[in-house]
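All chains are identified by letter, namely A, B and C, in their written order; residue positions are counted from 1 within each chain.
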Amino acid sequence: MEFFVFVCAALMVLGGAIGVVLRPNPVHAALSMVLTLFGVAVLFVAQEAHFLAAVQVIVYAGAIVVLFLFVIMLLGVDRAENLRTDPVTVQRPLAAVIGIGLLAMLAAAIASSSDALQSRGPGIATATLTGDTDTNIRELARAVFSDYVVAFEVTSVLLVIAVVGTVILARKVKGTVAS
Amino acid sequence: MAELVWLIPALPLAGFVLVLLLGRRLGEPGAGWLATLMVAASFAVTAGVFLDLVSRDEHDRTEVVSLFSWIPVGALQVDLAFIADPLSITMALFVTGIGTLIHLYAIGYMHGDPKFSKFFLYLNLFAASMLVLVLGENLLVTFLGWEGVGACSYFLISFWHTRDSAATAGKKAFVTNRVGDWGVMMAMFLAFGAVGTLSYAGINGAAEEGVLSSATATAIALMMFVGAVGKSAQLPLYLWLPDAMEGPTPVSALIHAATMVTAGVYVMTRINPVLAHSHDWAPTVIVIVGVATALFAASIAIAQHDIKKVLAYSTVSQLGFMFIAVGSGAYVAAIFHMVTHAFFKALLFLGSGSVIHGMHHEQDMRRMGALRTLMPVTAATFIIGWLAIAGVPPFAGFWSKDEILLFAWDRAPWLGVLVLVAALMTAYYMTRQVIMVFFGEARWDDHAEEHGAHGDHRPHESPWIMLAPLVVLAGLSIVGGGLNLPFTKDLHFLESWLHPVVEAGERSLSSGTKDLKLALAVISAVVAVIGIVASVVVYGLKKVKAVEPAVLERGWYYDRAVSAFMGGPGRQGFEAAAWVDAKVVDGAVRGSGGVVATVGAWVRRAQSGLVRTYAAIVGVGVVALLVWFYLRGVL
Amino acid sequence: MNAALLAEIRPTSTWYLLLAAVLFTIGTVGVLVRRNPLVMFMCIELMLNAVNLSFVALARRLGDLDGQTVVLFVLVVAAAEVVVGLGIIVAIMRRRQGATADDLAVLKG
């Protein structure tokens, strides 16, 4: 069963990714990204990361992509990009080389450790009817709020900073407008 | 009393300061009397120290007075110290004595000069520097005095600096002396490097104990000799002395006859142990320079017309004699001749000054003549000086020159012969001078109208203040030989007095030469008479035509050769060096900057400003890193 | 192909990791090739997602919940980063309409 799920989700992910890269219209690209994010959420569920899947959909697909679309529409950069040529001629070949190289190295890394990764391992404990293990969200909450509570608090501060900073950054400056 | 040796240079220095502060107010002749008084006081102190040393035992005659620690820097410990020992006190005696007489003379000679007090300022400073030189306990204090007399010589030669020739002569003296000073500095560096101290006691002690290798000793002695060549006007650095006659005559008498030029002989005598322990050929170099200079200068003096230039070349020649003595190991003879030369040469210069003064500043001998009746005292004293320098017994010059001849003959007979030739020439040109100035017919009448300002056109005798020193010096020239008469051992005053200082380097005569003593004395007297007679025949009786070729008058064109060299190849050398500095050295510095700029400009092209290229480079880096990790087996 | 046989194949962690690697590569190439700043940003988000995927796969393999915790934090930080990044892009792009990343070459040496 997981096999089918994997194949479908993988197709979604890769298809969306290729769509992001190849579609000239930024709005189309954003929508392709939604497809990818969805695929990733499905894969999360398949790997018993239920909470994360939910958060993925809510935050990434629901907030971040919406934010992207807002900005695209606000700035009016929704004109299609000319993807036929690249002003920097060396860029595309170089990107190809980098891509192939990167993939090769990552694959080599994964392959060299595949003996350890071939087995399925113990897996994440999921909730059972007997109540020995809590639901994924409870377990995660337990970890976050006890072992990683400092990191948690710091991330909340980070969010505040991000918001405040962006408000200041994106302000319209009164008076002279530097070119 | 000997502890007061530091007063000897201090008094003229105080005189310098006093004249500096009060000279303008004292004016003429107060400033002159003040300066003379200070030098006379210095002479009195010197005499006192001398008597104190005489009263001591022969081997106890050294007193070192250290005023303060001058340079205490690590290994270099130099005190400002003065030494009272036979050699230094002998020098100090005649420097202060003759200095006092010349100061007195100058009060009369510089009468009416607008810069009267300034003259005495410099004279006192000179006296102080010279005394620091001779009384210094170590090379550095001596060098202080050495440089001081060089500077004062410059001031005094170009005293009438509005005259171009005087200013140039001063510069020439200073620059030529500087070349010699390099030698002294090298000697100091070598001495310090080899022995670790600059004091004479240390250096001479090291030489006597054999600590100094003969190569080092040779180097030190010869470098010092280079300094002596500059200061004492030997070949090839003599050319400043004739030009230095531009200065007032008292300056010529004091500096260029009696004191400063003898500094070279003094330092060579001071380091005689070092010279004694050097290679055998080192004294030969000194002898050759001395004898070449003696002959060279004497030949030029024969053809000179200026009364002072004759005496200048004569000084150069007589200094050559002294160096012959030094090179032959006859230090006592060298000092003896130095003292007697100081007497009669100062006398001759002051006498010539009196003649110039009486002739209303005429210096060309061709326009003088028959002055002995008009200036009797000057003439009489000048004649005594002439007899002394010609080497006629029993005047002082005979005895001292004879001593040198003896030691020169002992070293090598050919050297003795050359000394005799030089003595012959000395007698010849000095007689020529006396005849041209004081005898014969008066050649100055035709210029009487030019000096219209004076009511009295005729040459006149000088005032008593100028004549008194002449008389004193004449007396000394007569009896000066008594310092070191050769008859019996008891009469060798100077020799026994100087013995502790020069015993390391003093040569003892071989028995063969001792037998020749009387014969050589007679020969040298005869040679002097021959020279005089020959000159009388040529100039007095006019029986033979005078031979004064232009090459001799122009000093063998040596001066011209030096200027041509410096102006020609010398200048090219300087300009080549300047070119190297501008192009090569500066070029290298600027070039390295230029290379950096060029490389930077070339590398800068990688900065395209595009984010994507930067991202691409980051990507390349990541891939490279991963590949490296993979190859390492870490991946 | 027998569906039942296919159902027997269990995807191992390797598959997930390979998928994440491919996704990462696609994201990298996208950053290098696209000139629209917003699309470049989206490709960066793809790379972040690939990393999240590998974390979760490894968490499952090792049976350790810490991997998922990390993903949670990555998610939060990614959100903050998007906020700030888009703010910057807005601030820059406001002046010029239709500007691309290539027009921001002020750092040219």
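Operating definition for what follows: contacts are C-beta pairs under 8 Å (C-beta built on N, C-alpha and C of every residue); 3 or more make two chains touch, one makes a residue touch a chain.
Computed from a predicted model, the values in this text were never measured in an experiment.
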**Report entry** Winner on C-beta contact pairs when B-C is weighed against A-C
**Finding:** A-C
Requested in this report: Compare the CA centroid of subunit A with every other chain's and tell me the farthest one.
Outcome: B
Report task. Please compute the C-alpha centroid of subunit A, do the same for subunit B, then give the distance between them in whole Å. Result -> 99
**Report entry** Centre distance in Å when subunit B and subunit C are each reduced to the mean of their C-alpha atoms
**Finding:** 95
Report summary line: Distance between the CA centroids of subunit A and subunit C (whole Å) is 5
Query raised in the report: Multi-chain contacts in subunit B: which residues touch at least two other chains?
Result: 608, 610, 612, 616, 619
**Report entry** Sequence positions of subunit C contacting 2 or more other chains
**Finding:** 28, 32, 35, 102
Query raised in the report: Among the residues of subunit A, which ones contact at least 2 other chains?
Result: 88, 91, 94-95, 98, 102, 106
Query raised in the report: Where on subunit B does subunit A make contact in their complex?
Result: 608, 610, 612-613, 616, 619-620, 622-623, 626-627, 630, 635
Report summary line: subunit C contacts subunit B in the complex at 28, 31-32, 35, 101-102, 104-109
Query raised in the report: Which part of subunit A faces subunit C closely enough to touch in the complex?
Result: 1-4, 6, 10, 13-14, 17-18, 20-21, 26, 29-30, 33, 36-37, 40, 43-44, 47-49, 51-52, 55-56, 59-60, 63-64, 67-68, 71-72, 74-77, 79, 81, 86-88, 91-92, 94-96, 98-99, 102-103, 106-107, 110, 114, 117-125, 136, 139-140, 143-144, 147-148, 151, 155, 158-159, 161-163, 165-167, 169-170, 172, 177, 179
Query raised in the report: What residues of subunit A sit close enough to touch subunit B in their complex?
Result: 88, 91, 94-95, 97-98, 101-102, 105-106, 108-109, 112
Query raised in the report: Tell me, which parts of subunit C touch subunit A in their complex?
Result: 6-7, 9-19, 21-30, 32-39, 41-43, 45-46, 49, 52-53, 56-57, 59-63, 65-66, 68-69, 71-73, 75-84, 86-91, 93-95, 97-100, 102
